[in-house]
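Shared between the two complexes below is chain A, which has chain B as its partner in the first and chain C in the second.
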Partner chain A sequence: MYQFMCFSRWKACASLASFLIVASLGIPGTGAAQTTTVEKLSGKLVITGASTLAPLIGEIGKRFESLYPKARVDVQTGGSSRGVADVLQGLADIGMVSRAMKDEEKDLHAFPVARDGVGIILHKENCVQALTDEQVVAIYTGKIANWKDVGGKDAPITVVTKAEGRSTLEVFLHYLKLKNTDVKAQVVIGDNEQGVKTVAGNRHAIGYVSIGTAEYDTSQGVPIKLLSVGGVAASTETVKNGTFPISRPLHIVTRTPPVGLTKAFIEYAQSKAVHDIIKQQYFVPLVD
Partner chain B sequence: MAETLSRPQNPREWLALVLVWGAAGLVTAVFCWLLGDIVWHGLSHVSWTFLTAPPENAGRRGGIGPILVSTSLILGVCLSVSLPIGIGTAVLLAEFTSNHSLFGRMTRRSLDVLAGVPSIVFGLFGNAFFCKTLGLGFSILSGGLTLACMVLPILIRSTEEGFRAVPTSYRLSAAALGLSRTTTLVHLLLPAAVPGLLVGLVLGVGRAIAETAALIFTSGYVDRMPESLLDSGRALSIHIFDLSMNVSGGDANAYASALVLVIMLLAINGTVSWLAIYGLHRKIVAA
Partner chain C sequence: MTSLSSNTLSRWSTDELLCWSLRGIATIAGAIVILIVVFLIVEALSALQHVGLLRFFTDPSWHPAEGLYNLTPMLWGTLFAMTGSVLIATPLGILSAVFCHYYAPLILARPYRRLIELLAGIPSVVYGFWGLVVMVPLIAEIQPPGPSLLAGILILTIMILPTIALMADASLANVPQQYLRGAAALGLPRWATIRGVVFPAAKSGLFTGVILETGRAIGETMAILMVSGNVVQTPSSVFAPIRTLTANIALEMAYALGDHRAALFVSGLVLMAMIVALVVSAGWISRERMYG
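So, the complex of A and B:
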């Protein structure tokens, strides 16, 4: 990719120097291989992190590449924690973090690109229509283990939770003020769609997934239903107007203030030009 | 065979017969159900466009062209590294070390342990060693090399068994004829050991092509057409996993991709077996 770079005066020396440093450290694909001129952007961006965000950023990357044919956006996945770790180690130019930034991550530069709500789902044929927060806490801590205790049929509850390191888990637990060790779950899952499939396949299951995913699957006839939380219906609409209580910002992060290609990409990902992609991937664009 | 067996004589034999047929029938039924399910859901989506077009909208629409290319390249790297090393090690273990020597026993034991290591461990190792230490980054090369590490134990152990299955009389006859050890190895033992090598290869390719955990951290998630071995490229198995578990509405294309994966596996196994049997093994059988 280096031969495509349009070197110009100063930047040639700067990029070359940083390229040599990085090459000698044996870390390819970091910020060094980028160069900017006023109208042309080239080089490779490596983005890693949350699997929730990966399809969205991948699609934004493709449109970005079509605008700047010499730029390459490589999106890798593996979870928010990985995104943060890779950015800190310099293995990635940009990290994807599907939650609010933590206190110990405050020195990273975070840029919100969209929002996502986390909704509680049951099987469609479950006759329970609503659960209070206290009931949800009792179910997830194992204090209530039968649907008849919350107004349902006499059947054991299958509790579905997300694996450690998943942001959906952190957002959900934060809202209910629980610790991960308090949760007594029968099924531990990874990605959202897996959660939907688990609940759709088990009439007595309860789970929580991204609202966008659940809304799409409901519209496709998958037998699940979203419960309202605190009296607010779970939908992308209530996430957008800020009334739905369990929601999370989706961030992209960098270690240093972004420049060049990184800066251009982040500005593009935050612009209105990608709102259609955000909706297409069942997330909620930020109102600006 | 059927003619040589007499009909069951008493209830116990009947019971045994029913159990054996039942077990075989169950295994076949599970396989047919699985294959039928994939063909039923996937066949209508597979077309020439699907095989060549790039994925669109996170894989919900479009095809799997770049993903097929990446998968083939990853497998190519894996086999071109693991075959020579695998056969070499197998030759050493079977022909040049005694069955009971400490070295032989230790090597075999460690290979058996490696063969049972979960693939995610190979993935993390590959990420730490090939991607970071060697600086190959997320690339088809890293992915292929990681798979090679994973496939090697299986390949070595079954090739070694292949060599051991060759009767000692072959070696003695060759020595009596004054053939050198190298000549014996290349022209006699290697062709004779092909069945063992094939078993290892089929198992190894099967494990490699179905791999997700070891590849997601090494060859990566990028679904663009790769331009070199140093580009990141998404393997078919990762694409299927992502479409079915991470992308809502990706099921139809996940089924179609799974069908392509199964066909690809059968085609590779068929070709490799044909090449090995007609290219090498026939030499010895015809002789």
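So, the complex of A and C:
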């Protein structure tokens, strides 16, 4: 048996190696076609700030680098405040701010790139149609533990929340004015998809995920439903026009009016060409 | 080794070359482990300085954003999930190997063994996904919420079962044929042979299997993250959700900054300490009982 295993492992190694050779031979061929675009833009862009935005800006940066091979985009995280501070001190070319701009930051040049919206989801078969903010707070703090107290069936509520540090959690708690220590949950999840699967697999669960994910999964027939909040339906449409309350704008900021490479990057980040990346990261693009 | 160095054929004989390259490879393997530990310590250092080791066990809860860093519930979570799964998987795995070797007809034994090997090759995220969409809803029917210590134990059991089953299979195959013939000549029934002759002869291999499966149970991340609920609490029953140390790192690392990030490296250090404890105790037990 061991001999058999050794043999198959060698075979796997060999096929992996040959795959790598083929793959590495393939790359230069595809790369050469893209170097025809403008080459005068070169240099390094340092972008720091909100960890919410970092993966998005990082992906946009990668695509930007492939368009302008001489440009380098360096993305670092450290929170929205660091983004603002670094731009003011000239340590970074662009700052990432995952909230509305404050009054004292009005002298910075802010460019919205996307919006972040968080929707509350229930299982499709749950007969509860709407919850007030007070009820959601009571459910998440453990004061209401049974669906019958909010007009549903007699069943214990499974509260699904997100792991510490996730931006979705931040937005949700900020809207409900809760601290994470107040939340009494039965399930803690990592990413949005795991949240959708958990709620879809449990008829008595309540959770919250990025609206983009929930909308996509609903359209794919996953048995979940989005609750409206404050009378506003939860959809990418209401997030886009700013009426949905559990949402926030995502900005990139500069100290001076952007020129050259910085300007090119900001224009690219606001363009339609990156909408697929924005949707991939479960944010909502702004322009149509 | 001394006889090798007195080889007079040439200055760089094949043996010497092999010896030095083996030394080099062994050094690299050892250095990697040491480098990882050093890296963990360096990354964890800022938390250890700001927070102090003691607070990782005495703080009221794990809320790193608010400066609370208690790891104890997750330590218990890891230990309970590991113990439960090892307790179920070990007898199952050993008995499956016994079945395969001494009871199953050949026509059944071969495909059965292949099946176990296949089980060993399935990626953990697939187990996790299956657990999340099939097993967790089933448990939720019995006792909500569903994602629980029980789900974690069951998924870990399925994942470590092939490790112990294959190790047990290999060590049973290594039991000398004379022992079996001797037992047969004495007229011992099959089960008495297995219990009195095969198990004692194969126990060091079986023991190694248990150590390997325990290591895998401690280290498993993705599947347990998906099925065990990840609530930081010491579980009060098997239906209560738990978070393991590995799941904690995987859940929070991507978004952690500063002391929070360093605290996750402390979880990594605690995990390393558990593995070291496991290996050391394994070495101690096997020296005392197996070969002594």
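Please note the rule applied: the second predicted complex is superposed on the first by the 149 of 288 C-alpha atoms of A that agree within 3 Å, B and C clash if a C-alpha of one lies under 4 Å from a C-alpha of the other, contacts with A are read in each partner's own complex, and residues count from 1 in each chain.
Basically, a residue touches a chain if its C-beta (ideal position, glycine included) is under 8 Å from a C-beta of that chain, and two chains touch if they have at least 3 such contacts.
These numbers were taken from a predicted model, which means no experiment stands behind them.
By the touch criterion defined above, A:Tyr282 lies against chain B but remains apart from chain C after alignment on the C-alpha atoms of chain A.
In the superposition on chain A, contact is made by A:Arg166 with chain C only, not with chain B.
In the overlay built on the shared chain, the residue A:Pro156 is in contact with chain C alone; chain B does not reach it. Shared-chain residue A:Asp217: touches chain B; no touch with chain C. Once chain A of one complex is fitted onto chain A of the other, the partner contacts of A:Thr77 extend to both chain B and chain C. Residue contacts after overlaying the shared chain place A:Ser51 against chain B and chain C alike. When both complexes are overlaid on chain A, the residue A:Leu91 reaches chain B alone and has no touch with chain C. Of the two partner chains placed by superposition, only chain B is touched by A:Glu193; chain C is not. Once both structures are placed on chain A, chain A residues 51, 77-78, 190, 194, 197 are touched by chain B and, in the other complex, by chain C.
Put simply, chain A touches chain B in their complex at residues 25-29, 46, 51-52, 54-56, 58-59, 62, 65, 72, 74-78, 91, 190-194, 196-197, 212-213, 216-217, 220, 280-282.
For chain B in complex with chain A, the touching residues are 57-59, 132-138, 216-217, 220-224, 230, 232, 242, 244-250.
Taken in their complex, chain C has these residues touching chain A: 61, 63-66, 68, 113, 117, 132-133, 136-137, 140, 144-147, 169-170, 173, 225-226, 229-232, 241, 243, 250-252, 254-257, 260.
Remark: chain A residues 1-2, 5, 51, 77-79, 155-156, 158, 163-167, 179-181, 185-190, 194, 197-198, 201-202, 204-205 touch chain C in the complex.
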